[in-house]
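Structures are listed in the sections that come next.
Both complexes shown next keep chain A, but they swap its partner, so chain B is in the first and chain C is in the second.
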Partner chain A sequence: MPYLLRRFLQSLTLLFVLVSFVFVVGRIIGDPALIMLGTSATETALDQLRENLGLNEPIWRQYLVFLGDLAQGDFGVSFRYGFSMMPSDALRSEGTPVLPIVLERLPATFLLAGTALVFAFALAVVLGCLAAMYPRSWIDNLVNVISLASVSVVQFWLGLILIIVFSVQLGLLPTGGYGSWQHLVLPALTLAARPLGRISQVVRSAMLDELSRPYIAAARAKGVPEWRVVFVHALKNASIPIVTITGDELSQLLTGAMLVETVFAWPGVGLLLIDSLGRRDLPMAQAGICVVAALVILVNLAVDFAYTVLNPRIQMDNRGGRA
Partner chain B sequence: MSAVDTNTAALPEEEHDRAVAITWRAYAKALLRDRVAFVSAVFLLLLLIAAAGAHLLAPYDPNHANLGARFVPPLGTARDGGFHLLGTDELGRDLFSRLMHGARVSMSIGLLGALCSGIVGITLGVLAGFYRGLLEDLLMRAVDGMMALPSLLIALFILFVIGPGFANLILIFTLLHWMVFARMARSLTLNHQQSTYITAARAIGGSDRRIILTHLLPNMVSPLIVLFTLEIAVLILSEASLSFLGFGVQAPQSSWGLMIARGREYISSAWWLVVMPGAAIFLTALALNLVAAWARAITDPVQRWRWLTPPRRKNQPVDHDA
Partner chain C sequence: MRHTLSVLALVAAQAGLAQAAPEGTFTVAVHQEPQDLAAQGVYKEINAPGLRNVLETLIATDPETGEYIPVLATAWERVDDRTVRLTLREGVTFHDGTEMTAEAVATNISFIWSPDSAFTIQEYAGPGVITARATGPLQVEVSSTEPDPMMEFRLTLTGIASARQIEENPAEHFGTPIGTGPYRFEEWARGQYWTASANPDWWGLTAEDAYGETTQQFETLRFVFRPEGSARNAMVRTGEADLATNPSPEDCAAAEGNDGYSCITGPSDAYLYGRLDQSLHAHPALQDMRVRKAIFHALDYEGIADLIGLASVPQGQLGTPDMLGFNDSLSQYEYNPDLSRQLLDEARADGVDVDGLVVEVVGRNTTPRVGSVTEVIGFFLEQVGINTQINVQLPDVFNPRVRIKGYAEEAPRAMMQVHVKQNASGEFGTNLLGNYACPDIDDPSGASRSSVHCNPEFDEKLAKALTLSGEERDAALQELVGFLHGQYPILPLALLDKGYLIGDGYDFTFGVDHRFLAVNVTRAD
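So, the complex of A and B:
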């Protein structure tokens, strides 16, 4: 089987496992009626909800129905989102389909994660290259410090520090919300910190490797300008580890956005997910988790596709895919 | 390890002797020489003492509300004359004492979580590497699959269903972090299985159990300890995130992450309630990372002779970084 097809099937399997996991945790380990109504609900209300959701059916049947609904893009309806009344009253109404609400929130998350990634990637490549060009210089030390700090810091705390400095003390930027570019600055910076540290470290070591190779000496001997040697010749060949780490970081960003969105009240999928968990809105939470996880799986797949473009030597036969 | 021998054999004879005679004293001396790692190790030691003896060492009762001393800034003195190193919170509780007690929760979650996931992961990884076959295939597939999933998201969902709390956090961390250990334990086992000493142990009739416990595991200790140290840092950060979102440690217990979440409400008036617990997490994770980097350098056969021999020659070889 061709490599890419096999990777595609692997991703599908993973998605299937994930969806089944959500089913098992939500339906078998937990009791959906109890999760949604809380422990204070009456037995009648619980029974009514179980009846409505089809929870009295045999479990294998529920599983098949669940899978069938998902295949049609039906993640269920929410009785909490947009309802201000008591949950038991909300049950009498139709409920709101959850998937459109989750998808509606995606652009905000993409904007945040995309800005953070572009910023982190551009800065990391420049810093990493400079660090590799001047080993043991101050810029090399800076890259080391950034990458060490970025794996030691809690993201939401960094966001709060930025709020204290730029919003509370200096009054330059809003503490949270959505709408203008000013709203984007602090959350994007917060989210960019971790990928900046990780990517710059990888760029540095990959470039150190490449710059010591004979073809670089050949390019220099031919009189190619140094910036061209570094940013064109070497960087192109160092791109595979850089793409790997960037892909990893992108999937990290999608989940990291959850915390940053909570801190900055940024109306993305992450904030929706945290809110629905707080509201005990099980269908909405399930839809959010499935969508984000599917995106993560998709990103990983895209990275593998990018490999084969960047390096044609990675072909059909390497077993098992990426480590 | 054969790798040690080949590497030290390549050195001048005098150095070879020194590198081979590695004692605890040599390690201690090397630690003293690396100032950054030394400071980190001392910090971690003090932190452990503070966490373990919080009930004896803390200057105040962490839960004692004193409304006359609300929002005292760091290094401030309350009206009743009490000095507060890191200030007080909205109920007049001493922040420094609360941090010490919070350290107990955060550190024990980090240590226990890493220990449990380590035991599960190492056991599975060693068995997979030792017996190969179907077990290995299945295990490595599970590892690859789980590594590709967003763990924070899954942790949140499980905690949402089974409820938050200390024990559930440990359970979740074990469930979501064993793969890291399993992967490394397997690859170490595969490496060592080729070595002559394993063949020799087998030739004299050692049982599988004996080979694994007395020959394989002791030789895998150092890289696993490095990983263990790094995992503690990762888990402390994860715990902070989960507690911040309300799905981790619950009041009246308090961890550093939960303290940040509480302090957030007073962010415009009492910055120290947010800054201090976060700084505690940052410094702890930083110290763990630095100590791990040192431990990796010193247990790496290629690098360690440089650390374990006195720096008296002028033309030391260039440091190539780990």
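So, the complex of A and C:
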């Protein structure tokens, strides 16, 4: 079976397991009706919601209905988002479908995660290459300190520190919000810290390995300019681990954006998810988790696709291992 | 830190501004995005902070006196124990240009309180179903299917929106409120903010019996959603916001001596209490009055309030002086560890198993500073010789234990539940019912399901008091509050304050309900 087809099927299986997990968790944490309506809800309202959501059906039937709805892109309706009512037959049709709301928030999350990744990737490549070019020098040490600090710093704390420095003390940027490039700077910087550290470490390691190979010595002997040796020849051959870690970091960014979006009031999926959990909006939370999970799986699939482009030798052997 | 309690009506200070045109934007950084902006949600400020600037009620409660004051209704009277007749203000129009008629008001009331609508305001529903009908062009009768002495209170919670919108497009009214208030709803950018602009046709500019002599100072009100407290703090410090809600005690402390902004605080309708198992399924030692009294006098309430930060010491009861039924003759239990020790010795001498008693001080993890508070309570009790065990639990563990069923299952129990409760009803009636009426294990959803107190004589008097209204009700509730004070059932630990960070350019006055009304914001200059 071709490598990409196999990976695609694996991803589908993973997605299936994940949505099943979301369903199970939604049931084992307690009565979904009670979770949504809260402990002050009357028995009548609870019964009505259970009836409306099919919660009185056997669990296996609920599961099949859940999967069937999901296959049609129906994650249910929210009675918490945009509505303050408990579900009644009279106004049942007024519930807000949750999937469009989650999708509406995706561009903001993409913008934030994309900007953070581009910034982190560009800077990490430069720093990693510099460190590899001058191993054990003060440059290498500085890059190591920067990368370790970036990986170790708590995003929540970093975000608040950036607000205090750049907004409160210097007055250069807004404390949060959405709508202009100025609003993007601080959350993107905060989110970029971790990938910057991890990617620069991998770049340094992969480049050190490449720069010690004979073909690099040959290129240098031929008088190829050093920048070309490093950034063209060596970097291209070091790209597979870099792409791997970058893909992994993009997945992390999508999930890690949650905290950053909360600190900076960035209206993305993460903030929506946190709000939904706070409001006990189970359908919205389920939709948010499934969409983010699907994106992470998609990103990983894209990374696998990128492998085959960067290194066409990657094939699958008969046992499914990578050759 | 400034400590303030407002008057709803603005006074002469604003008179000179009456003719000034509204200008600028007043930005409020709020801690959460509203679930919706529907009229039914105005009953609780936390649902949608600031929404009362757009949607108004028929009558309101004066936060200082606790009396009802006119808003969209100019007068009201009791027809019988189930019905209130209201006279509406003349010449009021909704923001969509339609007139506020008796029919429109009746439509609103019936819609909001209908069990079919099943709105969250049902948590304040009375004993019967409330409906309304127009009995004249400006006259409405609001009725309940059961006698309801608190009907006027329920009307203070009921937001009035455009009836045309409710009838023609009910779904829209959740996100696009059309009211009668000083500000017209403009935009709700989901996840970011909502805005409203000054309504030049607002009736309140010329009617002084509601808000006093008022003016609209701001062209735009902007409510920005910032869940993170430090970020809200930063918004005020940078001038991005003029007011920020729910600062932490640390934020308020940091504001002292800072240029550009300050912290203002005032009492709220929330209180922290320690509910002590003491009848029904309690440990025998806790059924002895002397032991309970010893516990009450073992705690340093001033210290606990200081520990919490934004809090004050209650006056020996679970409420504030503006509430109907508040007993002004009471005072907080004295911190007197010597008296506690003496009482315990007396109980021991009479054979009470004081030394076998282990009081489990349990807090819910959602309560502010619950870890420190439970620890300090345990410390004070140990100091007088009472053994304790400290626990902080998640709501799904804590809540069932609070209910009568959980209590019965753990008998004999010696637990002090440290918990926060809010009483927005403006009176002690629901408070006494919820906290002190004998619970019925066969009715797990009953009003007193979390009560650990049972005294049939008290229940009889309470049931009678709840049928009364006005001064009679006040007097009856006061008597019951006084009676309970001497029974030592629930420790009033602290009244929780709420605060705001505010830019130096402004003053803001508010009541215990902490409603944000722009007419109560004045420019400091």
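FYI, the second predicted complex is superposed on the first by the 305 of 323 C-alpha atoms of A that agree within 3 Å, B and C clash if a C-alpha of one lies under 4 Å from a C-alpha of the other, contacts with A are read in each partner's own complex, and residues count from 1 in each chain.
Methods note: contacts are C-beta pairs under 8 Å (C-beta built on N, C-alpha and C of every residue); 3 or more make two chains touch, one makes a residue touch a chain.
All figures in this text were calculated on a predicted structure; none of them were measured in a lab.
K.L.:
Clash or fit: how do chain B and chain C relate after the overlay on chain A?
P.N.:
In the superposition, chain B runs into chain C.
K.L.:
Should A:187 be classified as contacting the first partner (chain B), the second (chain C), both, or neither?
P.N.:
Touch partners of A:187: none, neither chain B nor chain C.
K.L.:
Touch check for A:262: first (chain B), second (chain C), both, or neither?
P.N.:
Touch partners of A:262: chain B and chain C.
K.L.:
Answer with first, second, both or neither: which of chain B and chain C does A:283 touch in the superposed model?
P.N.:
A:283 contacts neither chain B nor chain C.
K.L.:
Please indicate which partner A:30 is in contact with in the superposed arrangement: first for chain B, second for chain C, both, or neither.
P.N.:
It touches chain B and chain C both.
K.L.:
Touch test for A:296: chain B only (first), chain C only (second), both, or neither?
P.N.:
first
K.L.:
Applying the touch criterion given at the start, work out whether A:160 contacts chain B, chain C, both or neither, answering first, second, both or neither.
P.N.:
A:160: touches chain B and chain C.
K.L.:
If you stack the two complexes on chain A, which partner ends up touching A:171: first (chain B), second (chain C), both, or neither?
P.N.:
second
K.L.:
One more residue to check, A:128. First (chain B), second (chain C), both or neither?
P.N.:
A:128 sits against neither chain B nor chain C.
K.L.:
In the superposed arrangement, which partner chain does A:195 touch: chain B (first), chain C (second), both, or neither?
P.N.:
Once the two structures are laid over each other on A, A:195 reaches no partner at all.
K.L.:
Using the superposition described at the top, list the residues of chain A that contact chain B and also contact chain C.
P.N.:
In the superposed arrangement, which is not itself an observed complex, chain A uses residues 30, 160, 163-164, 168, 262, 274, 278 for both chain B and chain C.
K.L.:
In the complex formed with chain C, which residues of chain A make contact?
P.N.:
30, 39-40, 42-43, 45, 48, 80-91, 94, 101, 104-105, 108, 160, 163-164, 167-168, 171, 174-179, 262-265, 267-268, 271-272, 274-275, 278-279
K.L.:
Spell out the residues on chain A that touch chain B in their complex, using ranges where they run on.
P.N.:
13-14, 17-18, 21-22, 25-26, 29-30, 35, 148-149, 151-157, 160-161, 163-164, 168, 205, 251, 254-256, 258-259, 262, 273-274, 277-278, 285, 289, 292-293, 296-297, 300, 320-321, 323
K.L.:
If we count contacts the way the header does, which residues on chain B are in touch with chain A in the complex?
P.N.:
These residues of chain B touch chain A: 140, 144-145, 148-150, 152-154, 156-158, 160-162, 233, 237, 240-241, 244-247, 257, 260, 264, 267-268, 271, 274-275, 278, 281-282, 285-286, 288-290, 321.
K.L.:
Which part of chain C faces chain A closely enough to touch in the complex?
P.N.:
Checking each residue of chain C against chain A gives 32-33, 35-36, 38, 40-41, 47, 115-120, 122-123, 170-171, 174-175, 189-193, 224-228, 230-231, 234-235, 237-238, 240, 396, 399, 445.
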